[in-house]
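This report concerns only the one structure given below.
Note that the chains take the letters A, B, C, D, E and F in the order they are written out, and that residue 1 is the start of every chain.
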């Protein structure tokens, strides 16, 4: 089985910021992603106790390396200041590189 | 004094007791929690019940008289929002974003507060005009839209000012700024009008109006019989969330705490008097006042995080849910009820007077 | 005309209005949503209520008469499934997998549709035979099992044909193919019989039969009083999902859209007439027709994704939920009610005639 | 025999039938499941209903007589916990941790069992003392606290013993061990007192006491009318979970299986007799016996996993839920009811005797 | 602390395909896995709005490298054509290598 | 965009052991983490069917390499024996290294 190297970008942020992330992805012509609700703690305090709107969401995007930098740059620029958000990048191997 | 007795009696109703219980549970760090799916469903249910009830009433009583109260409510709500902004920005020294966010939070309305108000009136054996549910629906977005509009104008101005200090020929940039403002505004408009609260409320008003008392029979046990029981369960969760936020009161500061009590009192009493003046019933005037007194804490974050992300949610959620909501349902409701009773008595005597004079002429 | 009036009256009942409301909410892209836990629980609740009700009725009225309608229903359901397949494969030019998947989706039954039918009859002040709940339970898997059986046979044949073109002595391969078919079939059989819908339905029929009217008293408010209210809430979610799928109608194509309306009408009216002929009551015949007319959209995907993964769920879910379900509950139910009324009148007059002639002889 | 008849009648009530149905659903590997949010909410709801009911009763009937039963219950519960430990450790040869965990699981009480008991009595047309809900709340943590205390003492002793075999002057180490024990104990104390079950139960007793019959009217349909219906739904899930655990019975072993049946019988019957002796009513004595007979399977793991992580949850959950719970609600309840009837008759006749003799003197 | 290199296989697929994945794992004598429901977007469109059956699930399996290729090959062969599915492999370090 | 190398520690354990993990993190002065409920299978059998208390939780912690070893050591020592638990470490890249 041959695995091709791609990047996995993981963004953990407030649930109400999910829309912003998806829009940035769309702008960079990325439509594939996976999301799920999570709780957490960070600089902006415990998130996930009260209203659903105050939970976090994780957005995971498998993508080729070439788009990564631009997307992370845009997220950093437009969202780091105002939202509870953390992101990280990792190396993963996929089978069908044409899907991403 | 009558007000104190009424407050005391109100304190001992299930709704208030369950709310206080929730606060205590949170303070002693109990792991008690209403599961998310339930506490997400309950506001939908409450709004559906309010809407159906309102629609049925409107079918029974007609809604010709709705127009004036509706227009008055919108007008006052906008005025109040502007007033909040001035007070917060000038006296409270909050920044532009926080000021607008807070101003609109208090200009907007709270559906949960409205439910509690209906139950309070039921307890007093007093009815209110059904079309108030429609006013609730319309007021939801009004003050957000204005606040967001003004925020964007202000931001665009700032951008323009900044730009002009560098160069003179960037009209296109200003246009761009205004353009972006427009897009954002239309997005927010769409979001707040299609927000679940308004959609379910308006939808159920229409359904209630169509089906009437008779069509309601088969679903009455769910949407009427269980109403107060459902509120009571929701109050546990509201109490818990409010209790968890009490620690944040320090961050909120003494100015905002005072604002969160004085402003609703002012807005609410004005509301009761105006409503009485334009002819609403004793109960209707209380609900009208409550609309103006209440602050939004469920819909607000969903809209404001997108529209004014720079504003701190810890300010507007904490003050609306942690201070104003308990104050409104425990203390202000009885106050407004007494004010409305007096106002209607006075009016009654005036009417009586008119009647007598009419009779004599 | 009577039918049109009935359709109009039906349109204005809470159940239909809430469904339409859900569609509108989805179309204007509202974020309204019934929390997953609630919309997962509601079908379980509805089936429990249907089952208990049916079981109690069977205890009251006996179920000696159940056998013939049950056998007839199974027979017709199988015939109809084959008929659907032929139409879809030959006229509709769908591939083998989609044809069988769609054929069984329309051969199977819908529990939600059944609930709405019960409420519709209640509204008309008409009752139906309690054992229909048992027929609902039995029909659930019947047409799936046949469709899956036939699909596997067909696939095995294809494999065999392909193999034989290469070599002549691979009996073992065919055996293997048939073997795999058998395993798959027994799996699907187990899955569909232990599927939650059937289990809760059958279980509650038995419980209802054991406890009877008297044992039911303590849980009546939950399983009877709240029934229509619960349907109405579920209808919001069904409307939302149907509304979200309306865009997929393009993919579905004009042939399948017509099929999704004409086929249920045909099946349903035949069902009403056959039921009348074998002696079911006015209401019972309508429910019998509804069983045959309805398509499965909750159980279907769970079974078909495993049994015929090659078939496209966008086809069978969209047509069953997006077209057939609304058509059935809004238009076909009144049609079948009128047909059943006429059929029972005719039968009634024949009976009357017999009676009179008997009287004279 | 009367007991057998009562067991048979009890078997055919909705609560028991739905429980058995859940077990069957699990055994045939159905995918039936009550969504997590619902099955998490139901115990909260049941405890709230029990609490409100108890509080209202206490307001009506006073709670002066509560003190003696409460103290007696705590005393017996502690004695029983010690007794369980001895039996499990000596006869059952369980290790220290499992012995204490099991001892306290059976010393503690089960809120679901209590709900079923209330419904059982309602069915028999018999009432019970409202303050038993308060005893339920107090007994919840009592036996856990003792078991954890004793476990920690035992562990500290072991540590000390081990240490002393190496060296002689490590008083500080022992102190440290005892210190840690204290911290752990105070944590567990806090956890078990602020645990959601106790908090909602105590809170609702207080609320019920304050609002009384009158204030309860508006929420009665939810917290009284729907009570048995809600239990019935919860019983499905309990049945499913119990059914899934039946496979674990092998791991539990014949000794623990016997323990899980004989011990509750012994505890329960003693409880009924003691309660009768200290003056509780027929129904009250049954509920008192049930408190002592019941084992905890929802609260237990939450507390024990933190306090005695070395103990195997598969032992204490499986035996409490898989054996004792069904045994208690199906067989032991009727037994205790008969025992209580006889005991109260005897008492009655004694009273009668006293009365007659008094009359004669 | 010594970390041993193993592989983490992550499969995101339709909820109704979870059974198939677990069966393939069982066939290769792997019993340890973690699952959770997620939503997502991909070639087969938005998943997670309507019925629960139309959501996705993530299945994560920590395993030794030697079984990886066979398992991925079987998943690819039997499931890529008919199901909404994406998978990727990453390198992780574990403490108790005997558990996998 | 510059990515800085940090470690991602992922712990999958019984829901009732989450408190223990968070406490260990706190002891090592780590306050940032993300959690979510999962189901799974392992040496201690299928988890996630019955009571909520018998589900699993995943705790993910982005941290600098220097604290990793101590934390993993403490978790191993105090929790491996009594709890259903699995943990693994991976390499990820982050933008704002000062957050961790």
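In this text, a contact is a pair of C-beta atoms (placed from the backbone, for glycine too) under 8 Å apart; a residue touches a chain by one contact, two chains touch by 3 or more.
Every value quoted in this text rests on a predicted model; they were computed, and no experiment measured them.
Graph distance from chain D to chain F, where chains that touch are one step apart, equals 1. Looking at chain A and chain C, the chains that touch each of them are B, E. Shared residue numbers account for under half of those found at the interface formed by chain E and chain F, and the copies are therefore classed as meeting with different residues. Using the mean of the Cα atoms as each chain's centre, the chain most removed from chain F is C.
The interface with the greater count of contacting C-beta pairs, when C-E is set against B-C, is B-C.
The centroid of the Cα atoms in chain B and the matching centroid in chain D are 45 Å apart. Distance between chain A and chain F, defined via averaged C-alpha coordinates, is recorded as 20 Å.
Residue positions of chain D with contacts to 2 or more other chains are 35-38, 40, 221. Multi-chain contact residues of chain A, defined as those touching 2 or more other chains: 36, 90-91.
Viewed as a contact network, the protein chains fit none of the simple shapes, being neither a path, a ring, a star nor fully connected.
The full set of touching chain pairs reads A-B, A-E, A-F, B-C, B-D, C-D, C-E, D-F, E-F.
Those residues of chain A whose C-beta lies close enough to touch chain B in the complex are 14, 16-17, 19, 49-54, 81-83. Residues 1, 3, 6, 8, 31-36, 62, 90-96, 99 of chain E are the ones touching chain F in the complex. Residues of chain D touching chain B in their complex: 35-38, 40-41, 44-45, 190, 194-196, 199-200, 203-204, 206-207, 210-211, 215-216, 218-219, 221-223. Across the interface of their complex, chain D is touched by residues 12-14, 17-18, 21, 24-25, 28-38, 119, 122-123, 221, 225-226, 228-230, 232-233 of chain B. Against chain E, the residues of chain C that register as touching in their complex are 36, 40, 240-241, 244-245, 298, 301-302, 305-306, 309-310, 313, 317.
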